[in-house]
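This report refers to the structure that appears directly beneath it.
Per-chain residue numbering starts at 1, and chain names A, B, C and D are given in the order in which the chains are listed.
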Amino acid sequence: MTRGMAADHVTSVRMPDDFDAFWDELLARAAATPLNPTLEPIPLRSSDQVETFEIHYDSLDGVRIAGWYCRPRASYIPPPYPALLQVPGYISEPTLPKSWAKLGYAAVGVAPRGKLRSNAQFNPGYPGLLTHNIVDKETYSYRAFYIDACRAVDFVQSRPEVDASRIGVQGGSQGGALTLTTAALRNDAITCGAAGAPYLTGFMDAASLTHSQPYEEMNEYMRLYPEREEQVRRTLDYFDCINFAPRITAPMLVTVGLGDDVCPPETAFDLVRAMSGPVEMITSPRCGHDAGIYWTQSRIESFLAEHLRPAGIEAGR
Amino acid sequence: MTRGMAADHVTSVRMPDDFDAFWDELLARAAATPLNPTLEPIPLRSSDQVETFEIHYDSLDGVRIAGWYCRPRASYIPPPYPALLQVPGYISEPTLPKSWAKLGYAAVGVAPRGKLRSNAQFNPGYPGLLTHNIVDKETYSYRAFYIDACRAVDFVQSRPEVDASRIGVQGGSQGGALTLTTAALRNDAITCGAAGAPYLTGFMDAASLTHSQPYEEMNEYMRLYPEREEQVRRTLDYFDCINFAPRITAPMLVTVGLGDDVCPPETAFDLVRAMSGPVEMITSPRCGHDAGIYWTQSRIESFLAEHLRPAGIEAGR
Amino acid sequence: MSINPKPEDFGAYWQAVDDELAGIDPAVELEHSLLRSNEHSTMYFVRLTSVGPYRIFAYLSIPHGDGPFPALLQTPRYGSVNNPPHFDDRQRFVVMTLMHRGQRLADKPYAAAYPGLLTEGIEDPATFIYRGIVADCLRGAEYLLSRPEVEGQPAAVVGDDLAVLTAARRPGFTAVHYNLFTFYRMMEAAPRTAAYPLEEINEHVAFYPNSADRVARTVAYVDPLHHAPEVKGKVLVNVGDPGSLSGPEFLEPLMQAFGSRAEPYVVSHEGGTDHDAADAWIASQLGSVPKPRLWLEAMG
Amino acid sequence: MSINPKPEDFGAYWQAVDDELAGIDPAVELEHSLLRSNEHSTMYFVRLTSVGPYRIFAYLSIPHGDGPFPALLQTPRYGSVNNPPHFDDRQRFVVMTLMHRGQRLADKPYAAAYPGLLTEGIEDPATFIYRGIVADCLRGAEYLLSRPEVEGQPAAVVGDDLAVLTAARRPGFTAVHYNLFTFYRMMEAAPRTAAYPLEEINEHVAFYPNSADRVARTVAYVDPLHHAPEVKGKVLVNVGDPGSLSGPEFLEPLMQAFGSRAEPYVVSHEGGTDHDAADAWIASQLGSVPKPRLWLEAMG
């Protein structure tokens, strides 16, 4: 088996004619749904500096979405705060972003449907989310999942302590994908985004390049249902970060491990090539799905801080 | 295929040596669990005569159990009221027992785990409950399910408007089984019970006599896992109504359709033969799983009224 | 004015559902079930997209052997779950049992409440949950009738009002067994009973002032009386005791609407007897053999 | 007094767990998964009873062919889900991946909270959730090692502290890859970080007055330091940067407790490099071939 230069990879993802119409219609439907946000303080996980809340809000299909919300106490750092959305990986728990709040961010650990505490009404199981109802764009698992993450933008916009002109989004793997989709779908609101090792990018190409989870779910599914390939590709084109890329206008940081067996780097190059806004790409040799975080973590933090200017970092805390 | 006299059937159910110890230990564990009952009024489903509540209480494994509770308004019939537990069938929804409350009963529509509104923490799916974890008496689905129904006795005992010396239980099919298990396990509290077409009685014999649901689940399971038969029998002996029968002391009414393809009448005869308390059995020729309800409904109502003496019936309402 | 007029836009209302369905890819997924297959037939779990869009579920059992086989559609009952196809039917027919939106196996993200489903969105025909539920049945019917195993074979549909509505709007069914009434003359029927699910209507009308007219307007769209003229096949109608809500005099307008296609079956209330009669009728309509259960009735 | 003494009844505590397990029928259920099987191996879903009683879940992948095959146990991570066995491992080993109580696929009726699991019942060794979680791992290990396909073959266990505890209490494992620290010197480690899951300990101790001593007493039972002397096989220990919580000086007592059986692996922080090194070590311990992933590293 030979494998060419990742940067030379040619994607098999196609842009559907009605891609924008599909998502604009869903966004409009979401916007017409009252958010009904609630915040419940969690004293156990709060401190003198940071207040932690469990939050909930409504999303598509009447599904209630959970999340963590951490904000600096006013006595520690006075408002307004920039907002930072932490979007979760495929097998990760939603982040409880206390450490980000300590830096001056009003930070949300987003928990789209299917994640713990958001899975009462939608629960495709694990593994399973990746192929759940994959034959139809209208019912594919990620359709509302992406919107659930976007609704966290509405949540921070509803908070008086947040400066809504500064909203960042960050995550790795599936969190990298949600960073991109949220920046694309809410390009009216997102200031910057940092995506590590983006998943849900070149799905079918990725599955052909790896046998690691979660893309292996795709291989297992296609092994059992080979006749569905075209139908599956037709669905996935609506959900591929490569097709979201042109909608992104905010500055983005993309970090990639050149030895990533989970989300093959070929697909990250395909992605970056499709982006038309400002993008900084950092590739780390011999790194895997860690995307070189050991070396790039500080750059991620400084990138977000440059664009979002949290008071805690500006004050050198 | 020939089929003998149902009354001559010989059960294959065996009584485990530690049957009583097994259940007494579970009852003790349940008794040590605070009930934490809550009642939420449901005005939509209440009337001038009857007040309806959605109730919840705690049961084994920290699982929260739901139910409906309907009681006469004091202005309509003054307390105290006899209690009547309505226990649900396998595919039925829990009863909202407004019509029983109108007769003067404080009536509970019991919803053991897995039923709607009691399925957040335990949800083996349907079909599936009958064979869920069936290889082990300690983890078999019905272990806590039976206890959940017993806890409804604790619930009515906690109500000041209830005369705890009059507690009846009634249901058909799985509700027939729960009538028997509750009368057996809570023979300290149950005044009388009416069991129609009892399910969960002679499980393996029943499965060999029918291909109707739900026992067909057993046949499907055994077809796939024939090597588990002995293990399954060993589990089921702890859950068989035939083995609960000797513990029942309250008067019981058992109604059976002689053409019941769902719960074969052979098993009902085996059951009644194992009962040592007072029992009235009504068999209806050519009737199926309806157990002749068209003809026996009035007898069920009069049987319960004789033992429980609800004021509404006594007053002729 | 009749208490139960057919809405003026009745045809347009249902045509819009058909149009909406036609614009949605059913996106069929078929999953083989080893556990639920048996010596006579193979079981598949089917997932389909209906209006909404919403993903619904069906059991599909196909007999072993070459076929073709007659088709049997079982429409969903009023309740959170439905029994899978019966062993006896699976030997003779391609059987589909449908779970509509909100029922177990089709309850993510929407889980129906019981009681509660019957009045969900009932104040407006456009929001009434049964608009979608009927669409679910139609989607299932389309798929069943499109299976190559049933090509050229007779097809039957069995169930409550949903069976009638399905047969009315999908002409492929040659036989209908209409065995339970819910929407038939509902505004007259509900006040005469305190039993659920009709009691949900009584509760709704009592609780929400002046809602009766709106409810009546909505349920007229799903009244089998107005769909009966469109049913092409033969119809077996369960008839109950005189004076009851399934009594012959209450059903008379329905039987007239079906005309000569309808045949009454006067229920004996003996479950075994009634099952075997219905089974024999279905079998004869589908050119198959009866599978009575009473022949081996246990002797008391 | 040491900050981290071994409890006096350490042996009795764990013996009681073993005794309890021995008295419980594992009641194995094995379900074949067509979807998760592949050209190299068959996947089974395994359900077993552990203490409680509680029903746990494991993936069990068995290579095609005659065998026997080396065994690989992957203990559960700290999180609500675990990846199924990897395609590469499934070609070489009989692989079991375990879900402990509270994790997805073993989360009915008990679903673990994250954060939250780490401190559940932590005020008393008898109620600490990890008593049951360790039992779950032991139950899984017993089953894996009893499979006829692995008879006479070497066995490895890979994971965080749970891998060490499992190897300490079940002597069949010839190799352990200890790749992540949670309970190791936890009361010293937690104050030095704000990262979860150790932050749960900080939160608990700050929130509940005077709880630190009780927590320290409880977690001593699960500290790998006290289990290390019982591990019979070779141990590969991931060692991080000096000064960190996995730095060589912090790990020194652990390495001493393992003695000559332990081998440090100094992590490069390059995920590809570190994976391939660990894989090569496991492969050599199990008499198998390495499956490096970097050989086909994409070129930027």
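Odds and ends about this structure:
Keep in mind that, in the parts below, a contact is a pair of C-beta atoms (placed from the backbone, for glycine too) under 8 Å apart; a residue touches a chain by one contact, two chains touch by 3 or more.
Just so it is clear, the structure is predicted and the values come from calculations on it, not from any experiment.
With contact taken as defined at the outset, subunit C and subunit D are each touched by A, B.
For subunit D, the chain whose average C-alpha position is most distant is C.
Remark: subunit B and subunit C have CA centroids separated by 29 Å (rounded to whole angstrom). Our note on geometry: subunit A versus subunit C, Cα centroid distance of 43 Å, whole angstroms.
Separation between the centroids of subunit A and subunit B, computed from CA atoms only, is 49 Å.
Residue positions of subunit A touching 2 or more other chains: there are none. Multi-chain contact residues of subunit D (touching two or more other chains) are listed as 34, 111. Those residues of subunit B that touch subunit D in the complex are listed here as 61-63, 113, 121-124, 133, 135-136, 138-139, 144, 225, 228, 231. Touching subunit B in their complex are the following residues of subunit C: 34-36, 38, 79-84, 86-88, 104-105, 111, 113-115, 194-196, 199, 203-204, 206-207, 268-275, 293-294, 296-300.
Taken in their complex, subunit B has these residues touching subunit C: 1, 3-7, 43-45, 47, 91-93, 96, 98-99, 102, 116, 125-127, 211-214, 216, 219-221, 223-224, 257-261, 264-266, 283-290, 292, 294-295. Looking at the complex, you find that subunit D touches subunit B at residues 24-25, 27-29, 47, 49, 52-55, 108-111.
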